[in-house]
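Structure, as structure tokens:
Lettered A, B, C, D, E and F in written order, each chain numbered from 1.
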Amino acid sequence: MTEMAIDTIWVLLASFLVFLMHAGFTMVETGFTRAKNAGNIIMKNFMGYSSGCIVYTIAGFAVMFGVTRGGLFGADGFLARGEFAHLGLLVPLPAFLIFQTVFAATAATIVSGAMAERTRFGAYLVYNVGITAFIYPVVGHWVWGGGWLAQIGFIDFAGSTVVHSVGGWAALTGAWILGPRIGKFSADGSPNAIPGHNIVLGALGVFILWFGWFGFNPGSTLSGLDLTIAQIALNTNISAAAGAVMAMAFSWLRYGRPDVGLTLNGALAGLVGITAGCAVVDLAASVLIGAGAGILIILGVEFIEKVLRVDDPVGAVAVHGVCGVYGTLMVGLFATEGGLFYGGGTGLLLVQAAGVLAVAAWTVPTAYLLFKAIKATVGLRVPAREEEEGLDLGEHGIEAYADFVKRNTQPLAG
Amino acid sequence: MTEMAIDTIWVLLASFLVFLMHAGFTMVETGFTRAKNAGNIIMKNFMGYSSGCIVYTIAGFAVMFGVTRGGLFGADGFLARGEFAHLGLLVPLPAFLIFQTVFAATAATIVSGAMAERTRFGAYLVYNVGITAFIYPVVGHWVWGGGWLAQIGFIDFAGSTVVHSVGGWAALTGAWILGPRIGKFSADGSPNAIPGHNIVLGALGVFILWFGWFGFNPGSTLSGLDLTIAQIALNTNISAAAGAVMAMAFSWLRYGRPDVGLTLNGALAGLVGITAGCAVVDLAASVLIGAGAGILIILGVEFIEKVLRVDDPVGAVAVHGVCGVYGTLMVGLFATEGGLFYGGGTGLLLVQAAGVLAVAAWTVPTAYLLFKAIKATVGLRVPAREEEEGLDLGEHGIEAYADFVKRNTQPLAG
Amino acid sequence: MTEMAIDTIWVLLASFLVFLMHAGFTMVETGFTRAKNAGNIIMKNFMGYSSGCIVYTIAGFAVMFGVTRGGLFGADGFLARGEFAHLGLLVPLPAFLIFQTVFAATAATIVSGAMAERTRFGAYLVYNVGITAFIYPVVGHWVWGGGWLAQIGFIDFAGSTVVHSVGGWAALTGAWILGPRIGKFSADGSPNAIPGHNIVLGALGVFILWFGWFGFNPGSTLSGLDLTIAQIALNTNISAAAGAVMAMAFSWLRYGRPDVGLTLNGALAGLVGITAGCAVVDLAASVLIGAGAGILIILGVEFIEKVLRVDDPVGAVAVHGVCGVYGTLMVGLFATEGGLFYGGGTGLLLVQAAGVLAVAAWTVPTAYLLFKAIKATVGLRVPAREEEEGLDLGEHGIEAYADFVKRNTQPLAG
Amino acid sequence: MKKITCIIRPAKLEAVKERLGREGVKGMTVTHVIGCGLQQGRTAQYRGNVYVVNLLPKVKIEMVVEAERVEAIIDLIIREAKTGEIGDGKIFVSPVEDAVRIRTGERGKNAL
Amino acid sequence: MKKITCIIRPAKLEAVKERLGREGVKGMTVTHVIGCGLQQGRTAQYRGNVYVVNLLPKVKIEMVVEAERVEAIIDLIIREAKTGEIGDGKIFVSPVEDAVRIRTGERGKNAL
Amino acid sequence: MKKITCIIRPAKLEAVKERLGREGVKGMTVTHVIGCGLQQGRTAQYRGNVYVVNLLPKVKIEMVVEAERVEAIIDLIIREAKTGEIGDGKIFVSPVEDAVRIRTGERGKNAL
């Protein structure tokens, strides 16, 4: 009784913290984009979470945690009905369900940042159903629902792959199909700066996300009696810190000045990077993983923009996709049990790589089909005139900042 | 010992979350009103909470939880002195007191939104004493202090009626006595849009409120050992989500575009709606209650504005008043034990209706007298010139956004 | 096992709350300064926390909690290696470490506000290493690491002195060496108003800080089984409330209108003031301590500006320094065991005064040397032209609010 | 061709604009300005330091019109923007030598 | 000396400015304005109440130049700012009698 | 009647305004503008992409005054706004044909 209460309180509080991450995502995404689209971005995030909760409760949870069908997916317990006795939960089912719900909405919301400032609102809603009901829960089943990846020993403690790289891959696919914002690339293909309208909001969002991550990672023990929560919290924090410090230093080196936006992204990179391994690596490894993520994020942003020429306004693909993959692989190197650097050989590393590939091979095609289907039906992108005027006026008929004089201009490449 | 620690931690953490709701209220209210009044709105909320804590500790707590005088009110334990042994608390008295304090301030603060942009600061302070020391605690006594409503079986688990509809009724009374903002209604009585100045802040506020509600509802068990906290959290979340989704859909249907402000209100409507019944209804009922609230909020806003012609800048009356009443009545329909739809007959429904009426019959007249007394003494409304220039300059001599070029214009009805 | 889990959960949650205070500090500081420096202020706070975590883990923790060398400092356990068995912890070491880390970063970040809008970014980073690795941990050792102040009975439960006055003294020293912002003082030495650019952000920051303080003070029991956490939370809240109310009233009296910025500072003053004594005073004393702090903060701001002629843009010295000292002394008066007003004689009061003086005598000279060394090497202050244009452009090459038309003017003294 | 510049209270913008629109003034350009004149400023305070806010928010409307319409437009503006209290604002008339419509290249009166 | 005032789409500011810079127009002053003309406004809604946003964001560029450069500059502006759709904006030319460079006190053409 | 338009550094606004006020220039209208001239712009960066901020914040003061006061006012502005470094700004003088005080309907010099 006491034990179950402790676990339940822990899981609930972690859920509340993860819930708040949605405020963080919303602030980051809004702050890093233009004022004329702020209302639309809010709506996408807010509805992404809200409708995501409903959809996941109805369908996603069953696909993810129903009794496994050959390790591939679950198919019972729709509408959250059923005992789910096979899960052997230490907490009441509702506690587990709310924790999984807030997680599911996180995977979905990542895409919204990459597709910001040009996506039709209705299209976004449809996409959101697809990823929450199906694409994400299948991956979740593989890893956390007793599926085949779990069975071969794949380790993704809190979701570098399950949550973040699924979001990242879908974001990449979506942003690529959607095409860049007007003015993002010059005729010669070189990228232009489109500065976000409120860096302070962006920073607030990152702080909130960091805070919420203390629910995301330590909460993934699903038990407060499991005292590794302390080490997990410590690892999570130091990895984020190392990511921020390295991104700051590396941007200074590379661009001549410490870049605010990339430094903020650096902390998120560190958080995403440590998410897979936070329960199986030590403090020193956490610093290294975070530091690596802080550099990787900057190279990732450049790669996606300059090589792939995909327009990802908030760097969602680099943060969640690239660093999600990276963090998952790092488990193969740094896991104190089984990691290559800790004498465990290459076995775990190969399993980790297999998992990364399998998830990419699942997410990219399904997301591709989903976005193509949306494009062919409701349409994916707003008209150019609406994009120029801003989606707030076009999609919702509002002005987000009615009392301020705005610029609405776009800077020229230097 | 361990048990009491678990309960104490739970109650304290819930109190902290409810505390944070005041940040949420402040952001929502500020964002949904004009830039020229932002500093005043902050002051009202901030002082409402701060002075409310003092007043409730001195007087309100005694009225609410002192030994009952005929089921009507308590009258001992002023200054928070006394044992309050009759409450049979599972937690130390200070834990119970802080939880009740943050609740009390919530009821008080609701009014501030409805009376925004035209109320004298001093008048607001006086009002705040009245509701925190007396109006709210009496209702609280009836329902949670062992008073007559508790005795006849009235169910308001976390305060749809006790907190929200008390706030809503007082808000309606206040806004009505105060009169509309200059320019809100045309000569022919039709309402005009007065857009809020920062929708992003409004959204942040709603996220924070939602987060805080996880303290408000699950915390109302006053025990972490009571494992219904998991179901309560789940119900709370899904009702908010359903409220947001339905408000989005209904506003789209009704106004041709999904409205950002009303969607945000929809989530709050769902939260207020489920507050009474969160511990006695099931998941499906929570979805239905939330969805209904999401529609009701939009009709409520229209009713108050177009029929009653009361100017409520942030929709406080519709969110807290209308949905508070609605949520309380829904318990009579959906309670798994005693609800009409669950075979319980109309008994509970009638009790719920009686409670709703009694609380209205108490709150409206006392709030009326309070506001009239303030009007006759310190004065309720700022001069027209000050209202036009903004209360920030008039009441506090500040500019909230000193570095930005502002508009200060008002849109024309379409 | 259950006991340790409860304590661990409590310490971790408290750490998370304290972490969030950094978002609060960032918002307060950004809001109370000018738009042209917003990005720089974010970077300072964000990097202060991030690099502070690394530095404290490597060095500060060992200095603070290593086995004492004559009561003066610790010197083992660098890189967080070691058992720290002498601490007799009830929680796993990582839980203790993360709690101490977020605390350490708090002391460091206070300085950033006082030195805002004119300090070189690189200089700030160097300062941050100095205070986190050395200046703060030594004081921490004296009081919480079993050092000489602990041995003579000095009481500073959660750090009015250890955290806040250390930050305050360093802030005073830094702001004084740095000199005032251009335009802050007229030729005749009279101070001018330089209004902050976003009072709403400032308010949000104060709410977040208040919320985080519920981790700072109650969390300092380091045990959830210690039921004084309830009284501590209650005291903390009421002191903040009293501080806000008194600052509001006193500013009204003194300047003719209730001042928004000073009222917000008043709540922080109440929080800083109660931090030392929150576990050893009663509710009534908490109200008095908070109320006194609310007045003191206003006199403190005036004293620092008008008498010392030091430019402290956000009032950090008055809030953390002055009220930190004040709160520590109040323990000597109000401690229910040993306080002068509770029949304990002057013994404790003298010990408290000794502690206050010792900490000042340590912090001011070391901070002085640190800042002088920075000035002589990397340089402390940005060029005047950069200060005028804003540090965002100069230090980081960004515009924090790219889409808004800004003023960039400075008001004239009235 | 003349340019009429009027500086009015922000609250009057919509009324003036709508009235001018009804009378056939189709094009105008609006700027959010701050201004001072006979109208007294306000004192503000920040953390105990008093300062003067004597540039108050106004709205500037500029419209280039045919010379013969100037008087009629001045009348309309006065009718809509006047409250009778200090701070109502000013109207200035100044010469314009040419106008061009960017979209078509039309010049002079046709471009208005 | 003449003042050329052009009101253009915000998105065209950088292109126009850059082109003018290349052609030797060094000095200009830019204001963020809102304007209406033939271009239709938009309807907006707030909590169920509809209102009209018929003042759309534009950018006003003012530059004082020697009289003989006016025609060339007008041509350049048209070339860069024209999209052919309603809302492209206007150019106005008006007389300026004197110019002063604050830094040096130079007057007239030398001050430009 | 003449209109004096000066574009100055934002930091100089209060000093210029106060000085003009003392010399009897009661009315003026101020706009926050951005401008470029001889003064170099700055490079900014956003997520690794460099861009140019060459329109720097300036303040534009417009005041309509009697013709005979123009020279005196120009002198005052120069005195207060000059730093001697590039970017100090410009003063332009242009003709105004009429002025109206909205509140009273007064015309011409009486309206200033």
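One rule holds in what follows: contacts are C-beta pairs under 8 Å (C-beta built on N, C-alpha and C of every residue); 3 or more make two chains touch, one makes a residue touch a chain.
Worth saying up front: this structure is predicted, and the values here are computed from it rather than measured.
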Using the contact definition stated above, find the chains touching both chain D and chain F. C, E
Could you check if the interface between copies chain A and chain B is built from the same residues on both sides, meaning over half shared, or from different ones? different
Hey, how far is the Cα centre of chain A from the one of chain B, in Å? 34
Report the inter-centroid distance (CA atoms only) between chain B and chain D in whole Å. 44
Roughly how far is chain E from chain F, going centre to centre by Cα mean, in whole Å? 17
Set of chain B residues in contact with two or more other chains: 2, 6, 9, 13, 195-196, 198, 204, 255, 257, 259, 261, 397-399, 401, 404-408, 411-412
Contacts with two or more other chains, residues of chain D listed in rising order: 31-32, 43-46, 53, 94-95
Throw together a list of every chain pair that touches. A-B, A-C, A-E, A-F, B-C, B-D, B-E, C-D, C-F, D-E, D-F, E-F
Residues of chain C touching chain D in their complex? 191-196, 251, 254-255, 257, 259, 261-262, 298, 301-302, 305, 315, 411-414
Using the touch definition up top, name the residues of chain B that touch chain D in the complex. 183, 388-389, 393, 397-399, 405-412
Chain A contacts chain B in the complex at 1-2, 4-6, 8-9, 11-13, 15-16, 19-20, 22-23, 26-27, 30, 38-39, 42-43, 46-47, 49-54, 57, 79-80, 91-95, 97-98, 101, 121, 198, 201, 395-405
Mind listing the chain D positions that touch chain F in their complex? 2, 6-8, 31, 33-38, 54-55, 58, 60, 74, 77-78, 81-95
Interfacial residue positions of chain D with respect to chain C in the complex: 43-53
